[in-house]
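Look for chain A in each of the two complexes below; its partner is chain B in the first and chain C in the second.
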Partner chain A sequence: MATLNSRRAARLMISPAVLLLLAWMVVPLAMTIYFSMLRYNLLMPGMESWAGFDNYRWFLTDPAFFAAIGNTMKLVLGVLFITTVGGVLLALLLDQPFWGQGIVRVLVIAPFFVMPTVSALVWKNMFLNPVNGLFAHAAKALGLQPYDFLSHAPLASIIGIVAWQWLPFATLILLTALQSLDREQMDAAEMDGASPLQRFGYITLPHLGRSITVVILIQTIFLLSVFAEILVTTNGGPGTASTNLTYLVYAQSLLSFDVGMGSAGGVVAVILANIVAIFLMRMIGKNLER
Partner chain B sequence: MGQITLRNVKKSFGEVDVIPSLDLTIENGEFVVFVGPSGCGKSTLLRLIAGLEDASGGSIEIDGVDATSLPPTKRGLAMVFQSYALYPHMSVRKNIAFPLKMAGMSAADAASKVEAAAKVLNLGDYLDRRPGQLSGGQRQRVAIGRAIVREPAAFLFDEPLSNLDAALRVSMRQEISELHQTLKTTMVYVTHDQVEAMTMADKIVVLHAGRIEQVGSPLDLYRSPVNTFVAGFIGSPKMNFIEGAEAEKHNAAMLGVRPEHIDIVEDGPWQGTIGLSEHLGSDTFLKVLVDGIGTLNVRGTGEVGLHTGDKVSLAPQPGKLHRFGKDGKALS
Partner chain C sequence: MSRNVSTTRRSVVTIAAWGIGFLIFFPILWTILTSFKTEGEAIASPPSFLFFDWTLDSYREVNSRSDYPRHFWNSVVISFGSTFLGLLIAIPAAWAMAFVPGKRTKDVLMWMLSTKMMPSVGVLIPMYLMFRDFGLLDTRTGLVIVLTLINLPIIVWMLYTYFREIPGEILEAARMDGASLRSELIYVLTPMAVPGIASTLLLNVILSWNEAFWTLNLTAANAAPLTAFIASYSSPEGLFYAKLSAASTMAIAPILILGWFSQKQLVRGLTFGAVK
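This part shows the complex of A and B:
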C-alpha cells in the first residue's frame, strides 16, 4: 500500500494545502511579532518607530495584566469544573432509559449550537437583567431584592454563561463514553458486592477518565480565548473584574488604540497558551497510554 | 453448601416469554451444564439464578433460603462472564481482590487470599499486570480467580470458553473440571457447545425455547434422548434422522441413528454411494447417499480405505436405532 512511490505522491498532493496553512499561520504571527516591537498608536498614524521590547515590559508590568491572568484562570477552571462534573451527572441521567429520550437528548445538545454572542445576549437581557430578567422576577416574587449579576458578580456570571454553552459538549462526549461501558463489567461488579456508588467510583469513573481528559483538553483550548461573552455582557468591567487575557489584548489595541502593546499582549497570550498546551498534552498522553 | 432449587420460575421481557415456567434442582457439589442453541434462554436462566435479572414469577431457593428477591451479593454466588468482565484499569491483583475489598476484608487477609488463588490458577507471575496485557486464557483464569476468592456457594459460568481458540478451549475445559474436583463446589455452566457439556457435566440440562427438554447425565442423554431435539443436539457428529418408508418399517414416524452406530458391512440392508469422505486418521467421516433413504453420515473408526464415489453397504448396529413418534417424542 504505502510504497515509496505512493508516499512521494501523497506528499506532493498534500503540499499545497500544507503550504497554504503554513502561510496562513506564519504571516499573521510574524506581523504580530513585528508590530509588538513598534511604538504603533492608531491615533498617530505614520509615526511608527522601533520600540524593541518596551511594549512587552509595559504590558507585563501593567496591573491589568495580572488581573487578566487571574480572571482567565478562574474562568477556565470554573467552566471546566462545572462542565465536567455537570457533564458526568447529566450523562448518567441521560443514559437511563426513559420516555422521550431522543427528544431530550437533542434538546440537551441545543445550547452548543447557539452562537456565543447570541447566548450571551439572551442571558444578559432575559435572565440576568436586574429589572426585566427572569431571575429578577423570581427574586421579586419571593420578596427578595433583585441581584444585579453582571455588575456585582461579573466573572461568576460569565463563568455561568460559558459553562451553559459548554455543558452539552461535555455531556455528549461523556454520554457516548458511558454507552461504551461493558455491561458485563457492571454486572460483575454487582456480583462482587459493589454498591451503586462504589460501582460508579470503581468502574464508571475510571472508564470515563479518558473522555474527561479529552473534554478538558478541547475545552481549555477554546476557553482560553473566550471573548464574545465578555464583550457583549460586561465589556471587561467593572474595572478589570471580568477582563481576561483575550479581552485585555482587544482593549489595548482597539480601545486604547495601542496596536504595539496589543500585539505584545497577543504574543504573550500565545506563549502562555502553548505552555498550557504542553502541560495538558503531557497529562493526556499519560492518561491515554493505558 | 450450594443447593439451588428453581420452582415455577418465569421470565418475560415485555410480551416475550423467554422462560415460560421452569422447575429444576441443582444438588450440592454438582457440575450442571445448561446447553441449548442460542436464544434458548440459558443465559437468562443463569442471570436469574445470579440475581442480575428479576424473575417474573416463581421462586429461587439457594441452600433452602428463598433468594428470589435477594440482590446478587447476598446470594453468595460468583459468576464468570463470557467477556471475562475484568476491570481494565486495575491490575490482576486488584481485580482478584475487588470482591474482598467490597466485602470489607482487611488488605492483609485479602492479599493472602489473592496469593492462594493465584497459586491455584498459575497466575503468580502476572499479578501486577493489567488485563490488557494478558492472553485470553490468562484473562479467563483471572476471572475464575476473582470468583474463587469469594468462596461462593456456587459458581456460575456464562459461556466462559467461547472467546478462546480451539486448543486453549480444550485445556481450559480440563482446568475447570479439575478445579471442580478440587473445590467440590456446585458449578452451573452455560454453553451452546455440546462437547463442553458432554465432557464436563455431572448433569446436563438441555434447554429449548425456555423449556427444559431433558435433564440427565451426559451418557443418559446420549443413550436415550427423549425427543428428536435432544437426539439431534447431543452427540457429534449429529444423529441421522430417517423418515418415510424405512421409518414405517419400524413402526415409527422417524428413525434416528448415530453415525458411529452404522457399520460398513459386506451385505447390509442399506446400499449407497459415498458422496464425501473426510479422513481424520483416528476417524473417517463418510457422507453416504443411501438409496430410498437419503444422505446418512457414517463414522468409521480409524483409517477406512473408502473414497468419494465408492459403493458401500451399511447396517445399523442392533439396538442402537432410536424410534420417534409424530410429535417428535421417543417411542419406547
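This part shows the complex of A and C:
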C-alpha cells in the first residue's frame, strides 16, 4: 500500500527528527574534537594556539586520569553487581504470591523517581553524616564509634547511593521478565522432581538472560556518566578518591577553565562510551528482527 | 493468581517482601517525616519516628527564603516544554516509520538510538560556549532545546513501538466503509494512538524532571529547575535538615506520583521495547 507518494510524505515526516539529531551529534562533537587540539583557556581569551595532540598526551598521562578511569570502573561494576544480583533476588521474591503486592511494588520502585541531587543530599546528610546522620545515631546506640563514610570510603558510599537509585530499575525489569515465564514448564519440572535450585539454574536464569543483559547494558550507559551524585556529596574528593571520568572532565573544563584539556577528556569519554554502546546496539538490533 | 500456595508460605513471603520494600523506601519516608520536624528534632539523638510535634515551619521557611515556586515552575516548563516539543517532532517521524517502513527504517532507528549513547560530558564545552555566545546560559529556552534533543531518540522509539502495534487492516476496513482521510485520522487512528502518546509523555516528563547534568551545568539562578535548587543545599549552613527535607519532599512528590502511574510504560520505554 506504500505508494511513491506516501514514501515521499514519509521521508518528509522523518526528516526533521533526523536533521536535528544529526546536527546535535555532529556540530558539538566536531567542536569538541577541534578544541581538544587547541591550547585554550577561558581565563586567557584570545590566546588560543594549535596544540596538536598535546592535550591528549597530558590528559592521558595525568595521574588523575588513571584514578578517574579506575573509579569509573569501580563505580560501574560495583553498582552493576549490587543491582543485578539484588535485582534478581528481589524480583524472585516479589514474583511469589503475597498480600499487598501492588503496594510493595510501589515502595520498591520509588527510589528510581527521586532526582539524583535529592537522593545524594539526603544520603549525605541524613544517613552518612558522622555526627547527625542516622547511621551515626545507630552506631552510638550500639556503643560503636560513628564512621565518617564520605571521607573514609567516598567511592563506596557513592556506589551505595547510586545502587539504591538503580536497584528499582533492575528489579522492575527483571520482575516484568519473570512474569512472562511459562508456568506450565515450571510445574512440569517440579513434577519431574527438579529441586528449586535446579529449576532456577535451568529454567529461570536462562529465561532472564536477555533481560539481565539489557539491564546491564542500559545501566552501564547511565552509570558511565554519573555526575550529580559526586558533585553534591564529595566534589570528587578527598583528592581524586571519588572522581570519575565525567567529573574529571567537568572539573578540568568548568572549574579550571582549561577547554583544551577538558575537550580531550570529553573525546576520550566518548570513545569509551562507544565501545560499550556497540554491544548494546547489537542487543537491541537483534530484538527488532522478530 | 492460579498458583496454589500454602498460607504459611504466603505469610513468610509477605513479611519478607514488606520488610525489604520498607527498607528500600525508608530513606524517602525518613525525608518526608523529617520535613515535618523542627530543626532541633531533626537532629535529636535518639531520633523520634512518629512522636514529635508535627509542624509545617520548614515548608514555610523554604518557601519564603528561596523562591521555591519559581524553581518549581522552571522544572515544569523545562520538562513539559521539552517533552511537547519532542513529541511534535517525533510523532510524524515515528508514524511514518511504523506505517510506511522503508528499507532503511531500521538503520535510521538504530542510528537515532546511537546518538543517545554519546556521553553528555563529551559535548559539555561546545554546548557551554555556544550557549554563552547565543545568550542561552541560564535560560529555560536553552534547557528546553537541550533536553528535547537528548530525549528525542527515546520519544521516537517509544512511539514507534506503540504505533507498530496498531493494525494496518483497521485502516483498510475504515476506508472500505467509505471513511475520508480526515475522518480516518480523527475517528480511527487518533483514539488508538493516544494511549501510546500519553505513556511516552509521562516517561519523558519524568526523565526531564530528574535530568541533572545539563540542568546543573547550564543554569545559575534564573532558570534553575528543582535539581539545581536542591543542589544549592550541598553546602551546609547551621541546622538545615528539616529545611532540606521539606525542599526535597516538594521536589520529588509530583514526580513520585506520576512515576507510580507509569510503572509499566517505564520498563518498555527504558529498554526501548526489548522487555515488555
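The definition used in the following text is that the second predicted complex is superposed on the first by the 272 of 290 C-alpha atoms of A that agree within 3 Å, B and C clash if a C-alpha of one lies under 4 Å from a C-alpha of the other, contacts with A are read in each partner's own complex, and residues count from 1 in each chain.
Everything that follows uses one rule, which is that a contact is a pair of C-beta atoms (placed from the backbone, for glycine too) under 8 Å apart; a residue touches a chain by one contact, two chains touch by 3 or more.
Keep in mind it's a predicted model, so treat the numbers as computed, not measured.
**Student:** Put the two structures on top of each other at chain A: do chain B and chain C fit, or clash?
**Tutor:** fit
**Student:** Touching A:I203, do we find chain B (first), chain C (second), both, or neither?
**Tutor:** first
**Student:** Quick one: is A:A269 in contact with chain B, with chain C, with both, or with neither? Answer first, second, both or neither.
**Tutor:** Once the two structures are laid over each other on A, A:A269 reaches chain C alone.
**Student:** A:V27 contacts which: chain B (first), chain C (second), both, neither?
**Tutor:** Only chain C; A:V27 stays clear of chain B.
**Student:** Go through the superposed model and pick first if A:D182 touches only chain B, second if only chain C, both, or neither.
**Tutor:** The answer is first: A:D182 touches chain B but not chain C.
**Student:** Between chain B and chain C, which makes contact with more of the residues in chain A?
**Tutor:** C
**Student:** Angle at chain A between chain B and chain C: what is it in degrees to the nearest 10, using CA centres?
**Tutor:** Seen from the centre of chain A, the opening angle is 80 degrees.
**Student:** For the superposed model, what is the least distance in angstrom between any CA atom of chain B and any CA atom of chain C?
**Tutor:** Superposition on chain A places chain B and chain C at a least C-alpha distance of 7 Å.
**Student:** Flag every residue of chain A that touches chain B in the complex, lowest number first.
**Tutor:** 182, 184-185, 187-194, 198, 202-203, 206-207, 209, 290
**Student:** In their shared complex, at which residues does chain B touch chain A?
**Tutor:** Residue positions touching the partner: 47, 50, 52, 71-73, 77-79, 81-83, 85-89, 98-99, 102-103, 130, 146, 150.
**Student:** In the complex formed with chain A, which residues of chain C make contact?
**Tutor:** Spelled out, the residues of chain C in touch with chain A are 1-3, 5, 9-10, 13-14, 16-18, 20-22, 24-25, 27-28, 30-31, 34, 43, 45-47, 89-90, 92-93, 95-97, 99-100, 102, 106, 108-110, 112-130, 149, 152-153, 156, 168, 172, 206, 209-210, 212-213, 216-217, 226-228, 230-231, 233-234, 236, 241, 244-245, 248, 251-252, 255-256, 258-260, 263-264, 266-267, 270-276.
**Student:** List the residues on chain A that touch chain C in their complex, please.
**Tutor:** Per the stated touch rule, the residues are 1-2, 6-7, 9-11, 13-14, 16-18, 20-21, 24-25, 27-29, 31-32, 35, 90, 93-94, 96-101, 103-119, 121-127, 132, 134, 137, 140-141, 164, 167-169, 172-173, 176-177, 180, 183, 210-211, 214, 218, 221, 224-225, 227-228, 231-233, 245-246, 249-250, 253-254, 259, 262-263, 265-267, 269-270, 273-274, 276-277, 280-281, 283-285, 287-288.
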